[in-house]
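Going by the order they are written in, the chains are A, B, C and D; count residues from 1 in each one.
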Amino acid sequence: MLTTEIVVIGGGPAGMNSALAAASQGAEVTLLDRNWELGGQLVKQTHKFFGSENQFAGERGIDIAEILSERVHDNSRITVRKNSSVLGIYHDGVLTFEQDDKYKKLTSRQTVVATGAAEKFLSFTNNDLPGVYGAGAVQTLMNQQGVLPGKNVLIIGAGNIGLIVAYQLLQAGVSVEAIIEALPEIGGYEVHRDKIKRMGVPILTSHSIKKAYGEERVEGAIIGEIDSSWSFIDGTKKDFKADVICLAVGLSPLIDLLHPLGLEISYVPNLGGLAPKRDEYLETTISGYFVAGDCAGVEEASSAMMEGNIAGLSAANSIGYKKSFQEKFRNNRDELRKLREGETAKEVRAGLGEVRL
Amino acid sequence: MRNSTEAVVIGGGSIGCSVAYNLARMGVEDVVLVEKSFLASGATGRCAAGVRQQWGTRENCLVAKRSIELLEDLPDELDAELDFRQSGYLLVASNEDEKSQLEKNMELQNKLGIPSKELSMTEVGGLVPHLNVEQAKGACFCHEDGHLDPFKTTFGYARAAERLGVEINTNTEVIDINYENGIESVVTDEGTISTELVVNATGPQAKFIGQMLGLEHPVEPERHQILITEPLEHSLDPMIISFQHNSYIQQVPHGGFIMGYGNPNEPHYLNYKHDWQFLESMANKAVQQLPPLEDVRVLRQWAGHYGISPDGQPILGEVPGYKGYYLACGCGKGFMLAPAIGEGVAKLITGEEPSIPIERMNIERFKTGELINEPAVV
Amino acid sequence: MRINNHPILDQKKEEEEEITFTFEGKELKGFKGETVAAALIANGVRVFRRSTKDNRPRGLFCAIGNCSSCLMKVDGESNVRTCMKRLEEGMEVQRQEGEGEI
Amino acid sequence: MTEEKTEIERSLTDDLLPSVERRKEGPYALCECHQRIPCNPCLTSCPTGAVSLDSINDTPEVDFDKCAGCKQCVSACPGLACFVIDETYSTDSALVTIPYEFLPLPEEGETVNGLDRKGNFVKEVTVKNIDSFSDNGKTKVITVIVPQEAVHQIRNIEIREENHG
């Protein structure tokens, strides 16, 4: 049985910051990630990030991943275990995981869950055809693996992810036929939208996909305009030829690992789905289990980093690493509060009200 | 929610829904079912989904046999797909004692019309090529036993009951029962229902309802843990019961291997926690029995409960001295017995002749000491 | 189809080792260490398996090991998540028909 | 389409532009960023302190007396929403500086298509120079010579295929 003081599950922006924050207080940390490189979703984000200097504003996601990952690897208090999928978290504080196909067990005094989010799916005819991808898959293929997902793409969803993926596809030389959005307004940031518009990509609001078609793979899609009750309007059918349909219809927190512990969760659409209840230190209703980042409620990477700091500091604090804890906690909390003050974070603010203990 | 009704069934598991459906089918038009969580949220939804007749007592055998008979037509009757698959149960003995017990049970089963038979190791090899028979001393097989989907069955009963006018209230918890020379009403967190008849179908939680009437029902929750693997192409027909390993393993229609066991010696309380020790020991048990499972991935694990009685038999019928208060507890195998228990208890209530020896399974037996010990529980 | 020129990403492929693997017995080229799924997509393969129920074609969907759309048979082992499995020289990759075999 | 109208209004309100006098004095930055999002590299990258944000969620305000038109913000803005305009280039042409993150790159002196905010072709324009500042030079900062009348229209360029095979 392996032991550690604090285990952090997930090596994305929230998890890496958690590990760094806890280690900076003096705690001994083990960071587990199922991928072969740290960074989570950062490793496929070629665009520059928003926020302030504390969240590496202006740096590209891929570069932030590298900076944080280097800091984590250089920190002698952090043991990094990559290729490590956590199998289960148990009531007696034991965590089981599989590293390089080997079953292992680890006990810890505190646990930070930073497992991120899963992409939502969408119901339409033939949505299982090869060529229907989640937006994350398109990013992974292009930006991590250097492989093109196809030649021409139809994107479903004009939130930030849909807009960003459109831009990334254009950068890789792929044609983006259109972005369609079921809501009457674009959900993503205006600056992301403007980048796409300048490239001449049509964004069709109040539109949805009816069906994909193709023999053994996507060859195109039928889309149409929808009314306020989400029904297709007669005579608005359009046929787009495309070999990729990219779904960017939102994310939901990944808290499957925490479920069996019996923590309190709420269904909060503004945070993406089922979100764990937690106090201001990001501790859930099960003592010793903290959450940070998208698994605590879907937001931006910048707030994930701040939450990571808070969870890491708090976890360390609760086992006696108290070095200027209150001050550091307040700084991070205030910074996080500022990030959430804008009009684009209105829904997140409302959602957080429903899960705060 | 209705505030007055002919009968209240407490518990939305397979037995509760079967009782409610059968009552309505037999003419009790006004039935209300209350379930504190969602349908099949307790023992039913957590069970290993097997149905078998190979028991060691006359009563268990007959109730199980009646269930299998009813299951033949049940999908049509309920107008629901139940995934009932008669792919058999294979009971494996690893020593002479177990073997002679199996033979004794088989004799009884055959006498009662259950077509179980002893298999040679060659026959076992033909039936389950993956099975490691090194340790096996004997095996018993009944082709009529098999698999039944707990969720589909419970929902099938529930929907059919609703079509007959039964009112089903989920997320409704019973907090008290008023009794004065007979049942008067059931108090729930959603309101009070006047009624003269209550059926306690709460399985491992039956004693908590009993306590509301000042009764001590001898039903204790025994935790079982179960895991399911990733789905694979069909390669295992029967449910494998091993007395040596105290475990059950079957491949469900979806393709996953479901397996589990309980530890009868651990303290009896409602404990929904599952542990890694189970994961490891079940994996060992499984690979010892079916070596090719070694490379198969586990998807999930969970815990549920048998509502265990001192003799391992169901407790059915009216509680003597408590007019209108009925028990319908399967006691450790409730899901597989639900069709016959539902029918039997409903017949008892409506004055029809039950198709199972229900009077033998009354709670009174624990007072008189006429226990009917079941030797074949795993 | 591989990206050879990208305004932001460094071109790593040149330093990487090109290797041979087989898909349905046919020899294909890929790069050591990339995912099996990426190598297949780069070679124009879209159908990774066929569904159990209606024998429908299935391909890559999530690419991060969350879903089970890309399960294939790799070196004889069924149900391998090809989006997480890294390519090695001589690997034998096959389409999976239905659920994997034991 | 109300959405399009808002967009144009938001991008070209008079109070966004410097005074007529200032426009005649030399290059100035335009931050076409009209939504309150948490972001501040325009402020942190500005060497003259011309950009102000009261809080991180404010939209940037440029003090044109301080702005030197140095193009740092064009390179730094994560939203690619900062541009530099120089209406003093000549009587009939002006300079528009845009961020550019695509390949192939045009060459200096090359003729490219000038596009508006919706990607529509406006006029042929000439690439004057290609700079890069932060970010290992990955975001190129391209200055094009545009007709004076199109200075508030052109915000993107498109390589002409005949120039790049």
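In the analysis below, contacts are C-beta pairs under 8 Å (C-beta built on N, C-alpha and C of every residue); 3 or more make two chains touch, one makes a residue touch a chain.
Just so it is clear, the structure is predicted and the values come from calculations on it, not from any experiment.
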Notebook entry, point to check: More C-beta pairs touching across which pair, A-C or B-C?
Noted result: A-C
Check: How many angstrom between the C-alpha centroids of chain C and chain A?
Finding: 24
Check: If you average the Cα atoms of chain C and of chain D to get two centres, how far apart are those centres in Å?
Finding: 43
Notebook entry, point to check: At what distance in angstrom does the C-alpha mean of chain D lie from that of chain A?
Noted result: 31
Next item on the list: Going through chain A residue by residue, note those that touch at least 2 other chains and give them in order.
Entry: 60, 171, 173
Margin query: Touching at least two other chains at once: which residues of chain B meet that condition?
Written below: none
Notebook entry, point to check: Listing for chain D: what residues touch at least two other chains?
Noted result: 101-103, 138
Checklist line | Chain-chain contacts as defined at top | finding: A-B, A-C, A-D, B-C, C-D
Notebook entry, point to check: How about chain C: which of its residues touch chain B in the complex?
Noted result: 52, 77-79, 98-102
Next item on the list: Spell out the residues on chain A that touch chain D in their complex, using ranges where they run on.
Entry: 47-53, 57-60, 170-171, 173, 185-186, 189-192, 194-195, 197-201, 205, 300, 302, 338-345
Next item on the list: Show which residues of chain C lie in contact with chain A when the two form their complex.
Entry: 1-3, 5-9, 12-13, 34-35, 38-39, 41-42, 46-48, 51, 56-66, 69, 83-84, 86
Check: Which of the residues in chain D end up touching chain A in this complex?
Finding: 3, 7, 10, 32-41, 44-45, 55-57, 76-81, 101-103, 115-120, 134-135, 138-139, 155-156
Checklist line | Footprint of chain C on chain B - complex, ascending | finding: 130, 230-233, 235, 255, 292-293, 295-297
